[in-house]
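To start, the structure itself, in C-alpha cells.
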Amino acid sequence: MDAAIPAVVSDAPDGPEATTGLRALYDGFERESLVPLWTQIGDLMPPHPQSKAKPHVWRWQNLLSLADLAGHLVPVGRGGERRAIALANPGLHGQPFATPTLWAAIQYLMPGEDAPEHRHTQHAFRFVVAGEGVWTVVNGDPVAMRRGDFLPQGGWAWHAHHNAATTPMAWIDGLDIPYSYYTESQFFEPGRDRVSAAERATPERSRSERLWGHPGLAPLGRPDSGAASPLLAYRWADTDQALRDQLLLEDQGYPGAVEPGHAAVRYTNPADGRDVLPTIRCEMHRVRSGMATAQRREVGSSVYQVFDGSGTVAAGDSNWDIARGDMFVVPSWSPLTIVSSATAANSESGALDLFRFSDAPIFEALHAHRVQVAGRDR
Amino acid sequence: MDAAIPAVVSDAPDGPEATTGLRALYDGFERESLVPLWTQIGDLMPPHPQSKAKPHVWRWQNLLSLADLAGHLVPVGRGGERRAIALANPGLHGQPFATPTLWAAIQYLMPGEDAPEHRHTQHAFRFVVAGEGVWTVVNGDPVAMRRGDFLPQGGWAWHAHHNAATTPMAWIDGLDIPYSYYTESQFFEPGRDRVSAAERATPERSRSERLWGHPGLAPLGRPDSGAASPLLAYRWADTDQALRDQLLLEDQGYPGAVEPGHAAVRYTNPADGRDVLPTIRCEMHRVRSGMATAQRREVGSSVYQVFDGSGTVAAGDSNWDIARGDMFVVPSWSPLTIVSSATAANSESGALDLFRFSDAPIFEALHAHRVQVAGRDR
Amino acid sequence: MDAAIPAVVSDAPDGPEATTGLRALYDGFERESLVPLWTQIGDLMPPHPQSKAKPHVWRWQNLLSLADLAGHLVPVGRGGERRAIALANPGLHGQPFATPTLWAAIQYLMPGEDAPEHRHTQHAFRFVVAGEGVWTVVNGDPVAMRRGDFLPQGGWAWHAHHNAATTPMAWIDGLDIPYSYYTESQFFEPGRDRVSAAERATPERSRSERLWGHPGLAPLGRPDSGAASPLLAYRWADTDQALRDQLLLEDQGYPGAVEPGHAAVRYTNPADGRDVLPTIRCEMHRVRSGMATAQRREVGSSVYQVFDGSGTVAAGDSNWDIARGDMFVVPSWSPLTIVSSATAANSESGALDLFRFSDAPIFEALHAHRVQVAGRDR
Amino acid sequence: MDAAIPAVVSDAPDGPEATTGLRALYDGFERESLVPLWTQIGDLMPPHPQSKAKPHVWRWQNLLSLADLAGHLVPVGRGGERRAIALANPGLHGQPFATPTLWAAIQYLMPGEDAPEHRHTQHAFRFVVAGEGVWTVVNGDPVAMRRGDFLPQGGWAWHAHHNAATTPMAWIDGLDIPYSYYTESQFFEPGRDRVSAAERATPERSRSERLWGHPGLAPLGRPDSGAASPLLAYRWADTDQALRDQLLLEDQGYPGAVEPGHAAVRYTNPADGRDVLPTIRCEMHRVRSGMATAQRREVGSSVYQVFDGSGTVAAGDSNWDIARGDMFVVPSWSPLTIVSSATAANSESGALDLFRFSDAPIFEALHAHRVQVAGRDR
C-alpha cells in the first residue's frame, strides 16, 4: 500500500485531504493490520484478468544444455529429490513458477541414475519431446517413457524414476505446485531410495495400460480409480492417429477438427471422461502447415511445448518464432494466435504439433471459466 | 385380485368374516375402481424380488434356422421395419420380452437387403456372434458389423442397416423396449426408406471410431455427446486384447480380473466413463477353462449370449449346458453360477466368452441396486 | 404397418399368404418362445406414448365412506399391514395401480389403532387433506400428521403409524409400488408390532424438522442423508406461505409464478435440492380463481388431489368438475388443462389448491423426460 | 535436504563445491529464467501445509472505531467503491488478505449514504454482528441487513448498498478476492451510481426470501439459479432456532450436535444443498458455556467472528480471549481449539456463538480437502 495516497475516491472533494485526521486514520490502519479497499481496488478488482505473469518463451536447446550440465554436476538423491529445472516466469519475481498456478520443468536423468521414491498431493505429469530409456514406477507399476508419450500421475501416488538406458534422457514435468503452494494444501512423504528389483523391470506396457488402455472398455474388477486417471501412459502412436483421423475427416468434409486446419485431443481419465488430472488440463494440438488458429483468450494460464514442426506465436504483445522443444507461456486472458509454418520440412506430421497444459479444470470446477474466441461468442 | 379372500389380515379374528358388511365393502371397492392393499401385499411387496420371468435358454441353431426361414419368407420394409425375432420369456405371458425390462432379438438381413431408416427413444445395441457384411448407418455414419463387435446406438439417433455382402447375416439386438413400454415413455419416427448412396459406403472404420476410438483421448471439437456413447463400435480385437491382458496380469500375480479365472470388461461411454447406454449395461466376460464364477444375485435382469467356448449355467433352479450363440436369461435376484468347460476345444480364446447385457443402470440411477455375492458382502 | 407386407401379420392366418412356410415359421416361433417384431411394433413403438391407463377421477366422499366402512370391518395388523385402499386405474385391468408407475391410496386409522412397523425399498409419502391425530414413527422419530402436511418417507426406513386421537383419520399414501413391482426391485421386512412407549410420544415437531426444517441451514453434524429427504414433514403453514408469496410477487409485477395466476412449489430434499424422493416428484399448485393453466403434456404420469377450492379439469378426452379431496390421474403424454372456479366460496386461499405427484424423477434420471406446453417450446 | 548432496544448495556459494562449473550452471539458470527444484523443494513441497499466514485476532472495538473515523473522513463513491477496511494478515507482507485465499473487511455506511452499484466475479457475503438500517440491492432486489443476518451474494450479481437509517451501520464483508487475485480470474464492471427510487424500497423481506426462504420448498417457476445461492438473506431468527434445536436434541439424548455441547449449521444453497457460494463455506457455531471443541486441523484457512458470548481460542501457537465482534484467522492446517466461557453473562443464547467462513469448497471441488480431528480418524 502506498501511504502517500490520500485521495481515496475519484469524486473526493478538493482541498488538503491529507489532514491530520486522515493521517491518524492511516496510522491506525497500519497499527491494527488493516488496509482499506479504496487504495487497492484497481489492482485487486480489475475489469478483467491482468496477469502478473508475462508471455515468455524458453528455447529447448538452452534448457537441454543446462540440464545436461546439471546432469554432470548435480547428483540426484534424497532431499533434492529430482534433477528438475523449473521455468521461472520473468513477471513472477524469480519464483520457480511458469505461471501463477503451473509448474513446468525439464527433468534429466543420467544413464543408470535413480530418482528416489516419494509421493505428494500435487498432481503431476511427464511429457517426452525426445528420447527414451527412463521408466517411471508409479505405485509399483513400471511405465516406459518415450518420445510423444504423455504420462499423468495423480496426487499422492508413490513414484520413482530410473534411467535403464546408456544415454541421458530429458523430459518435461508439469505440476500444480504454484497453485497448491499459494492455497497451502500440499502434503509430501518420502519413500524408498530405490524401488525393488522387480519394480525395475522394463516392460513395453505398464499394468495400467493393460487394464485401462483399451478404448471405451473399463475393467469390471477395477479398483476405485480416484480423482486422477488410472491410465498412466498415453502413447504417441494413439495420439498421432487421433490427430491424423481428425484431419482426414476434415479432408472428407466431416466435422471433427476444432477449427479449419486445427485438430486437437484432450487427455482424459477413462474412468470418468474428465480431465486427466483434477487441476491440470492436457492436450495435443496439430495445426496444418500454413494455417493459423483463431485468436483466443481464456481465464487461466497455459504452458505449451512444441512437439514437432515450427511456426510463430502471438501471445499478448509478444511474438516469437517457435521450433521443436521450445516452451512458452500464455498468461490468463492474454490473446493467443498460433501460426504453423508454410513449409514443414522438419516435421514428421507435416504440421505444427503442440503439447499444451493449463489450469482450466480449476476454473471450471468453480464455475469461473470464461473463453473468448475471435469471431465467435462462447 | 381374488374376490374370495375375506380374511384380510393374518391375525384376523375367527368367525364368519364374509359378512354382509364385508361384501358391501368389497362391492364398493369394485364399483369405485379401488383395491385394498391387504389382499395384494404378498404379491406387491415380497421380502425380495420374485421375478415373474423365468430363467430360460434359447439355442442358437434354433434361432438361426428360424431367422433364415423368415429371411426367405418375410420381406423387410417400412411398417414392420426390421426382421427381428424377439426372445419371449416363458414367464411373461407371450409378450416379446426377454425380461421385464429388456428386449433381445435375433435380426437377419439377406444379401442386398435394406432395413429402412427410423429413430426411436428406446436405447439399442447390436452384438455380432458370427458373420459380417452388414453396415449400420447411424446419423449418416456407416458402421461395419463383424464377429465380436459391439455396436451401441443411443435413443433418438437415426439408423438404417444394409447388407453389402453376398451372404445373409444375423446378429442380436438389445433394447429397453419393455421398460419404455411399461413406463410409457417412447417416441418413434420413420426416416428415409433407403439411405443415400454416399451413406452406403462400406468403410473399415466409422467416423465415430476415428473421433472417439483412441484410448483416453477426447476430440477437443467434440459435439455435445448426449447421454449415450458417441463411439458407435467397440471392435472385437480391442475387447479380446483387454480380456487377454487381465488374465495375463492374473498369471503374473497382479490384480485386474474380477475373481480368480474370470476377466471382464464393461463397455463405457468414453465421454463420461459411464454405461454405454443410459438404461442398458453391456459387458464381455471370459471365464478360464475349468473355472467357475462365484454365485451371485443382483437386482435387475440380464441376458447373456455365449460368444465362444462352452460350459454350464445354474440360474435359479435351472441348469443348462451352453455353447456358442446360445442365449439365456437371468431374472432379478436369481442366483447365478457359470462354469467354463474343462476342455475348450472349440474356443478361440481357450475359455468361455460371454456377452452380457442388463438393466443395472436404471437401478443405479435410482439408488435401488443391490448385489449379493456368495462369500462376499457387498 | 405397410399394406405391401401383409405376410407378416400374425393375426392374418386366412388367405393366400398363409402359406405352409409361414405357418411353419410362426409355429416355430411359438415352439421356441419367440415373437417377431413386425407383428408388435405398432403397440411397442408408437409415435409417442399412448398410455394403457385412462384419465380418471375418484370422488373423495366415496373414498372416505368406503375407508370408514373398512375401518369398522377390517382390522389392521401384521400381514395386511395397512388399512390402505388403492386407486385402480380402469385401464389397468384391475391392478391396484393408479398409473403404470404410481400407487395412490387412502389410508384410514381408527382411534387408538396401530399400523405395525415395517420397512420396504419402495419410496413413499403421506399427504393429509383433512384431519389430524395420527403420528407416523419413522426410524423412531414421531412425526405429527395434520391437514396440508406432506410427509415423505424414503425407501428402507422403518415406519409405523398410530392414531393418538379420539376420531378416525384418513390421509393419502403415494408410493412407487407399481414401478418397483414391474422392474422387480423390491425388498420388504416386517418390524415390531408396536413401537415403544417413548416412540409413541406426540411432539409438535419431529426431530427431523428440528434438524432440517430451517431454510437453507444444514446441520453440520448431519448424518449421511441418503437418496431421500431427511426432512420428514413439510408443514402446511410453510407451503401456504410460499404460494401466497409467489402470488404476491405476481401482484407486484415480479417473476416467481409458473405462469399467470399459477403458483407452485416442489417439495425438495434440503440436503441436495433434488426431488424429495428418488422416484417420485411432489408439488403443490395454486391456481387463482378464474384462471386456467396452459395445456401441457409430459412423459410420465401424475396423480392429483384437490386440497382446496374447486374447478374443472380436461385430461385427454375427459372433463370433470373437481372439489376438495377428489383425486384424479393424468396418464403419460395426455394433454392437461386445469381451470380454477370463478367463485372460490369454499376455499381458504380463495384459489384452487392441488397436490400433485408424478414419476418425473425416473425419466429425468434416465434422460427420457419430455414436456410440451401449449404456446411454448420446451 | 540430505547433507550428502550439498552441491545443490543455492545459498552455499562458499567452499570447495562452489566450483566454476556450478557457478556457470547457476548463472545459466538465472540468465535463462530457470530455477532448480532442489534448492526450493523444502519450501514448495513441505510434509504438510505450513502457512505463510499467521493466526491473528482483530478486536471489534478497534475495527469499529477506525471504521467510524473513516466514516467521517473518507467519502464513499465511484472509484473507491466501498468504505471497506480489510484485515491484513501479519504474515502476508501487508497485503489486504486475511488469509491467502480470503478477504475479510469491516464495511461502514453513514446515514443516508450510498455505495454505488457494481458487479464482479468475486463471490461475496455480508454478515451483521450489530445494528441495522442498511439495505443491499442485489440485481434490483432490496435486502434488509440486521444483527445476525447472513447475506450471500454470488459472483457477477449487480449490487449496491444504502443506509436508510439515521445512524451509521457496520458489518463484515467476506470475499474470495485473494484467491481470484492470485489465480487471475477476476472481472469487474461498474453500474449505476445510485439505484432507482423503486429499488430504494425497504421491505421487510426481499423477493429472494419470498421465493426461496421456505424450508425444502423450491419455486417451480424458478429461474436458473446458477452456482451461488438464490436466497439472499438467512435471518438470525432461523439460525438461532436451528442452533437451539440441536442443543435441545442433545439435551433429550438424540444426535444432531457436531460434538458434545457444540451445535453448528452450514449456510447452503437451497437449490442444490451445496455451499452457499462456490468458493466460500459459511457456518454458524454455538458452543455451550463451559464446553470446548475437539482440537481440529484442516486444509485451507478460516476467518471467525464472535457473534455472541466470550471464550478463549488456541490456534497454532497463539492463544486469545475473545469477545463479541472480535475476528480471528486460522491458517491452513493450524490446530484449533475453542473454549466457551464458563459464565455467559453477556450472551443472549447463554453460549459462545461464532460465525465462520472458509475456503473449504475450493479444496473439496478439487479433491484436496483433508481434516484431522483429535480423537477421531476422518
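Labels A, B, C and D are assigned to the chains in the order they are written; within every chain, residues are numbered from 1.
The definition used in the following text is that a contact is a pair of C-beta atoms (placed from the backbone, for glycine too) under 8 Å apart; a residue touches a chain by one contact, two chains touch by 3 or more.
Just so we're clear, the structure is a prediction, and the values are computed from it rather than from any experiment.
Common neighbours of chain A and chain B under the contact definition above are absent. Most remote chain with respect to chain C, judged by CA-atom centres, is A.
A separation of 30 Å divides the Cα centre of chain A from that of chain D.
Rounded to a whole number, the gap between the C-alpha centres of chain B and chain D is 52 angstrom.
Here the CA centre of chain C is 43 Å from the CA centre of chain D. Annotation for chain B: no residues touch 2 or more other chains. Those residues of chain D that touch chain A in the complex are listed here as 1-2, 4-5, 7-8, 19, 21-22, 24-25, 28-29, 32-41, 44-53, 56, 58, 62-63, 66, 69-70, 72-90, 94-96, 100-101, 105, 120-122, 155, 177, 179-189, 226-227, 278-279, 299-301, 331-333, 359, 361-363, 365-368, 370. In the complex of the two chains, the chain B residues touching chain A come out as 207, 210-221, 223, 229, 231, 234, 238-239, 241-242, 245-246, 248-249, 254-259, 264-273, 276, 283, 285.
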